[in-house]
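Consider the two complexes below, in which subunit A is the common component and subunit B and subunit C are the respective partners.
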Partner chain A sequence: MDEYQLQEDRSPSYAQHAAADFETYVKELEQLQKIDFVLVELTLYLDTHPTDMQAIQQYNQLAQKRRVMAEAFELKFGPLMSFGHSFSRYPWQWVQTPWPWQV
Partner chain B sequence: MNNGQLREWYPFISPCDPCPPIRVKTYVVPPNQYIVYQPMGLQQFPIDEALFRGTLWPALFSPYQPGTGN
Partner chain C sequence: MWLYEKKLQYPVKVSKCDPKMAKFLMEQYGGADGELSAALRYLNQRYTIPDRVIGLLTDIGTEEFAHLEMIATMIYKLTKDSDVEQLKAAGLGAHYAAHDKALFYSNAAGSPWTATYIQAKGDPIADLYEDIAAEEKARATYQWLIDMTDDVDLIDSLTFLREREIIHSQRFREAVDILKADQQTKKIF
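After this line comes the complex of A and B, so read on.
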């Protein structure tokens, strides 16, 4: 009975999520992916250029920006990473799709 | 299209080959093959573009046309 109630509570918010916010979800996830890619490139570059101060600054600035963006994203849409690397609200947010890798 | 990265190779055509010959084969030599050590401070793609280019640096960009084999 309790479980059923829970489902009832969840479905309208899911429908709302799917309709209104999905576009924002995709857009903001893409923004994160773009930054992640540049961070990967800079990481590989810095492995062979450890004294490039400018690149290190760029890397740190982007990492900072990514952290802020990821935090805002998680507040809005739920956790990006599992196993303790992201927080969850009540009820456990991983029950709700879409998961980041499904989008 | 490929910024001069596309090369051609003319393989030997054997008269004994049972298959129809492919006279020209093409392949891509990406620019990283000519860069021994990447210089510092190369010009970068904007963040919005890098992901879709597959690289952060225009100097290392190698186009790819899906389905054409290039």
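After this line comes the complex of A and C, so read on.
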């Protein structure tokens, strides 16, 4: 596979940030997974309880908080999403490891 | 369209190489009540389901793909360090002959995934009852899988997935209630 790799720097995306090692990556990923879990739960709940005002408020508040968290995470560890939903440094960060099953 | 997020829904860790367990887990990868079946079943049914429950089918169907990725991660991690002898001993010799260590959509017994596992009847109650049954069968499968391993890390991730089946079943039951209530209202006017 290596001969097809045009980019010489193959270090994982989190290694490019001074304060970011594997342990902080896993820890901060888990924080994101936690808030995202609550948002998934609220989404499915609201799908069958669309008039629960309190749940909608909670959803909007957490969605706001999630946006801030994800931006901070991406600055440190690289993009979470492709197709224009995240930004990239040079070289193109999306293709850098680790992919989820490699963590 | 769909957007991919470069993270698992819930962490997947395994504490040992265990190709035998990987083979059993394939039931939830390409089996009848597995995550692929679930995702494709719901996302296909949603085009003809009443508007009130399209959102639910879309969101649960999407979450199923996140679960599929978790199962794939388990199978990958449990087999990546095994040699051919270990794979043969685990009953994965036939799998190795056809796929090396590549993942493939088959069940624990090696039968490839088939669309006959899922149904779309166009009748919303029939479809939602099928969905509830699928969730309950998947929940039971996760319990049998948990019973077959002593890997505490793996059990943690499988327990998360088992709990999700319960939530999905609950939400589908609510969808049935919503549709039945709508039918009642229509009869009054």
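To be clear about the criterion, the second predicted complex is superposed on the first by the 79 of 103 C-alpha atoms of A that agree within 3 Å, B and C clash if a C-alpha of one lies under 4 Å from a C-alpha of the other, contacts with A are read in each partner's own complex, and residues count from 1 in each chain.
Simple rule for what comes next: a residue touches a chain if its C-beta (ideal position, glycine included) is under 8 Å from a C-beta of that chain, and two chains touch if they have at least 3 such contacts.
All figures in this text were calculated on a predicted structure; none of them were measured in a lab.
In the superposition on chain A, A:35 makes contact with subunit B only, while subunit C stays out of contact range.
In the superposed model, A:48 lies in contact with both subunit B and subunit C.
Looking at the superposed arrangement, the partner reaching more residues of subunit A, out of subunit B and subunit C, is C. In the superposition on chain A, A:82 contacts subunit C only, with no contact to subunit B. The interface of subunit A with subunit B overlaps its interface with subunit C at residues 33, 37, 41, 45, 48-49. Across the interface of their complex, subunit C is touched by residues 26, 29-30, 32-33, 36-37, 40-41, 43-45, 47-49, 78-83, 85, 94, 99-101, 103 of subunit A.
Residue ranges of subunit A in contact with subunit B, taken from their complex: 33-35, 37-38, 41-42, 45, 48-49, 52, 54-55, 62.
If you check the complex, the residues on subunit B that touch subunit A are 37-38, 40-41, 47-48, 50-51, 55-57. On the subunit C side of its complex with subunit A, the touching residues are 3-12, 53, 55-56, 59-60, 63, 69, 72-73, 76-77, 167-168, 171, 174-175, 178.
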